[in-house]
Amino acid sequence: MRIGVLCSGGDSPGMNAAIRGAVLRGVEVNGFEMIGFMDGWRGFFEGDFIELDRLAVRGISPLGGVILGTSRVPPFPDGNATPAALQAVITRMAELGIDGFLLIGGNGTQTVAELLTRAGVPAIGLPKTIDNDLGGTDYTFGFDTAVSIAAEAIDRLRTTGESHRRCMVLEVMGRDAGWISLHAGMAGGAQVMLIPEFPESIEQISEWVLSVRDRGRSSLVVVAEGFKLEGVAHATVRDGLDGFGRPRLGGVADVLAPLIEQHTGIETRATVLGHVQRGGLPTAFDRVLATRTGIAAADAARDGQWGTMAGLTGDQITMVPLAEAVGQLKTVPAARYDEVRLNFG
Amino acid sequence: MRIGVLCSGGDSPGMNAAIRGAVLRGVEVNGFEMIGFMDGWRGFFEGDFIELDRLAVRGISPLGGVILGTSRVPPFPDGNATPAALQAVITRMAELGIDGFLLIGGNGTQTVAELLTRAGVPAIGLPKTIDNDLGGTDYTFGFDTAVSIAAEAIDRLRTTGESHRRCMVLEVMGRDAGWISLHAGMAGGAQVMLIPEFPESIEQISEWVLSVRDRGRSSLVVVAEGFKLEGVAHATVRDGLDGFGRPRLGGVADVLAPLIEQHTGIETRATVLGHVQRGGLPTAFDRVLATRTGIAAADAARDGQWGTMAGLTGDQITMVPLAEAVGQLKTVPAARYDEVRLNFG
Amino acid sequence: MRIGVLCSGGDSPGMNAAIRGAVLRGVEVNGFEMIGFMDGWRGFFEGDFIELDRLAVRGISPLGGVILGTSRVPPFPDGNATPAALQAVITRMAELGIDGFLLIGGNGTQTVAELLTRAGVPAIGLPKTIDNDLGGTDYTFGFDTAVSIAAEAIDRLRTTGESHRRCMVLEVMGRDAGWISLHAGMAGGAQVMLIPEFPESIEQISEWVLSVRDRGRSSLVVVAEGFKLEGVAHATVRDGLDGFGRPRLGGVADVLAPLIEQHTGIETRATVLGHVQRGGLPTAFDRVLATRTGIAAADAARDGQWGTMAGLTGDQITMVPLAEAVGQLKTVPAARYDEVRLNFG
Amino acid sequence: MRIGVLCSGGDSPGMNAAIRGAVLRGVEVNGFEMIGFMDGWRGFFEGDFIELDRLAVRGISPLGGVILGTSRVPPFPDGNATPAALQAVITRMAELGIDGFLLIGGNGTQTVAELLTRAGVPAIGLPKTIDNDLGGTDYTFGFDTAVSIAAEAIDRLRTTGESHRRCMVLEVMGRDAGWISLHAGMAGGAQVMLIPEFPESIEQISEWVLSVRDRGRSSLVVVAEGFKLEGVAHATVRDGLDGFGRPRLGGVADVLAPLIEQHTGIETRATVLGHVQRGGLPTAFDRVLATRTGIAAADAARDGQWGTMAGLTGDQITMVPLAEAVGQLKTVPAARYDEVRLNFG
């Protein structure tokens, strides 16, 4: 059996460990041939790939990024999975002698995997995203590393905040789901955690910050990039344009900090953590999860379990139907958000 | 309601976060009075305790160790839960005005919690142990930190091993269960992982080490302190006496390394990681898990769910009957051990 | 002898270790009484201070921030060291029974220390600043921690940059001196390091970035906040106002990244590291340097060496005249900047 | 000019950064050809080397260990620099077309470099050793990383020690010089620091431990592997044989801990940190120092400054005569040891 591996979407710590797990199991134990396409679907269509064997994956488990590269190039022109577009994938597979795919990616990638499967293309999903917003798995690999980095930033900002009696606002990733903000905030003991799922008003936020001050402390506010301030029209997407068509500088934290200062009279500073969250040394948790995901995916390919994704269920990796995983974004439920309000005022 | 909190057994990163979670929820939301006994059961019997309120738990979440101290002092003289001994606990509770216990500990402590519950003493368990050998929960807090520290040690030892073409043996904790060895080894890409559940012979280990050498690499062997070398009679418990009644120095790694060197001719060095694994800054994962455990335990007390333990089930905290949790040690199943053999020879 | 300690200016990792070193030596060995003023000169004038003894400094060495707080409140109204303002300090000292000061701070604070000394106020300086721009010492404490944090950010950004074939721009602190940019960039293997001392044009920067691309790599550009792009008029000071009087969002990296993308056609992303650089756990280097600085300052007070600053000279702490230390900012000399150009195109 | 690079002695974090610095400067700027011998002198005599160019050193700066390998194979048979042995080196150089050496190593290696120089072999030294016991330089690269790792271990051990009211003994490296013990102990706030240069009696150590207990704290004792307990005859060298010719298990900490427990009645635990101290990710400080050392060495070769070593003097790298550097071990002076006694009883 000849298996093609590719990564799509943003990078996420643990991708190399997943590839290593899949290759050591697939090639050494299951007797596959395996190849890895460079830069996602670009490599597939352009025939740009490397042989994946034991030597190719030596020592890559602790490395951030991904040896294959990744890109957001879609497998279908204009993103439309027309019959012609699907047939083009099948034809290309035949040319390359590929029997099936291991697709490492987040929601977009797994949605593609599900489309391919329904069109008869054998595919298995390996869920990765630092945002943790994918169904069918307790956690996605990359998330724990992102949370760790954000929690360490909170630990650092807290001390400078306390020393200067300032309110510190930290913006973390999370366009649609607040998992990083929630977990990093809880780990770091942030007093206010703001997430896309639950808009709050500047008045409410300021009340929390003042209440923390009244207890003799300095506030640490952690805010997901996709958080929406109630009653204020503003673009929340970073790296886009502002209302005047100019390149927007900074993030939601840069908007929020002066508002908090204005409403509370407390000196307030913003930090936008940015891409630092998605690179570098993965945590041990992510390396283990990713390695086990790779092993399970290689075994699922051997057993013909196409159309599934290797999800974490408790302390087991189980193969779940792709359709289940990609139905909808996994967002923070009200119960979890309420859980952290205990830290508030 | 007045709740007593105590910690028993070895310390485990996350204990402070668990106390903070329980107190912020118990006192601020549920309206409890809470006190914390110093050094486990010693503090209970001697009336040595502190008031637990918001101020007492301020900023403790990232701190290693535990503000209350912990000890292995048992609640029953000689460890026998005689009717008289149980009555003594009940009498002391009445004197202190305690309505129930939150008991933070590992297998031994949760077994005590179950005994107390059966004797009519209201108790709720918070599972902590770096060994992860407790049932009723996917993971115990402290485990992720221990694995992280051990994985970082592997990352470090690997580079010195490769530079000198040496075999490096790292001993990690785990008397009865090999979870730390398994996860740290997988995270660090160790070639050989030895655990208490599966004895191996020196011949088999040497064969693996030689096979790694034949592939042009240097071996990293991670061994749990409770690993038993097949066919060799030797005490595996550290800090005890050797066969001659003398204080034993070093650990199983110190025994294993010269044997590997003798059988393979490869220069081999041992490192015993020891207590470093159980102290210091908890990982974000452990802080979140511990905080949520504390919150859930405080709510369970409010709801009268005595006789339960706050376990992690997937991404939820659920209250499981203590009897289920303490039935037997959770050890590494054969399927998980086989999973990592893929790295071997 | 009764000594007052105060911190002034931005916080810098190691301040707690310096206080601990000075107190353990001053109180326990030299027999001083010591007090610490809260929030810098504010605490001095308002009589807000704490007793500094062994218990007060227990375990503070690894803590970020500073237990006394710090502020930018000047000791002289409007910053003018008029005879009246100086007399006010002397009078207040007498009221508080203070025989001399240990002043922990950067360039501004040490300049004040020198002024006070010339006016007859006994003062000794302890140099701290993450910017390392102070004369009279090889390094200031806080600098090594800031460099470590920035270097780790580079390590992380590099992997995500390589995976996506992007140019990553990291902005680090340094308004007037490029030490953090230079050292972190060298440690992290950045290809381009931009510092306030040496303006470069966007054309030159783009040429470097393209040359890196031609070698098959992705560029990592590290830029100090005070870097000036040749031929472009723009405010470089963060947190101020832009040319239109509006609060400025983002930093120089947010300005630079789109320009690089425009000139090279390479997707480019900016990260502004911000306050994360100045808080949290100090490195071992900074803790040792700060502790030794504190010890030396306490001994200098005992010996009456007022008007000096405890500087690092090789592996020794030596007392240097304050006048020498504060003469001018210590900036990156051309030889050091040339040294790193070796990494360029 | 054709330059041979080799590493000798134990590995030390920063060696890769030094090679990268020397190669980027030597090949790209100075126009050298450079080759690197594998496993030290073995590679030289066996003709086992690799070409060192920009590609060969790409991205190696943050990696622990050393890409060339290192060994303790001496350049002279039996370690005797006989005229015949020196002539063999010169002959071999001619065969390989080598004009000079860059020798990366500690005291032993730099002594060899000095011998070679006197015999007319052009050699330049790059000082590396985690022990910091080399003259002619303020610090050797590798030392800062070792201290950081040991200080982090102290931070971790302290919390578990305090939680259990135990005395924790940490053994760190340092056969002949106590620098790691001294700096890590000061950084971590150890109460007792024991170093080879200053023997102490078990009675004195116990008095310190008891005095710490009387202040309500738990002791952290850091001991260098070469520390000698006054009045007790015992081998201090690890990995050797004990007095009965049997392989010795454990280190001096394993000897010391039971003695402390016996003399004080305080439960005491030993940890031997071992090889973990010398591997893995170098600190930013060591990467910068090593890179600058490599650059300076490449320029010294260009300028014909043979017989020198690239030492750190304040914030400059200066070329010092090898004879000065290797005259005698740099040990901890009494003044520095006294400085830390302030933490004692």
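Order of writing sets the chain letters: A, B, C and D. Residues in each chain are counted from 1.
Following the convention adopted for this analysis, a residue touches a chain if its C-beta (ideal position, glycine included) is under 8 Å from a C-beta of that chain, and two chains touch if they have at least 3 such contacts.
According to UniProt, the chain labels map to these proteins: A, B, C, D = ATP-dependent 6-phosphofructokinase.
Just so we're clear, the structure is a prediction, and the values are computed from it rather than from any experiment.
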Interchain contact steps from subunit A to subunit D (minimum; 1 if touching): 2
Reference subunit D; chain at largest CA-centroid distance: A
Shared interface numbering between subunit D and subunit C [over half = same, under half = different]: same
Approximate Å spacing (C-alpha centroids) for the pair subunit B, subunit D: 34
Subunit B and subunit C: spacing of chain centres that average the CA atoms, whole Å: 41
Whole-Å gap separating subunit C and subunit D, where each centre is the average of the chain's CA atoms: 30
In subunit D, residues with contacts to at least two other chains: 152, 155
Chain-chain contacts as defined at top: A-B, A-C, B-D, C-D
List of subunit A residues in touch with subunit C within their complex: 10-11, 15, 39, 63-66, 69-71, 149, 152-153, 155-165, 168, 239, 247-250, 254-255, 258, 269-276, 278-281
Subunit A contact footprint on subunit B (complex, rising order): 20, 24-25, 28-29, 54, 58-59, 61-62, 138-139, 144, 147-148, 150-152, 155, 183-184, 186-189, 215, 217, 283-285, 287-288, 291-292, 295, 313-315, 339, 342-343
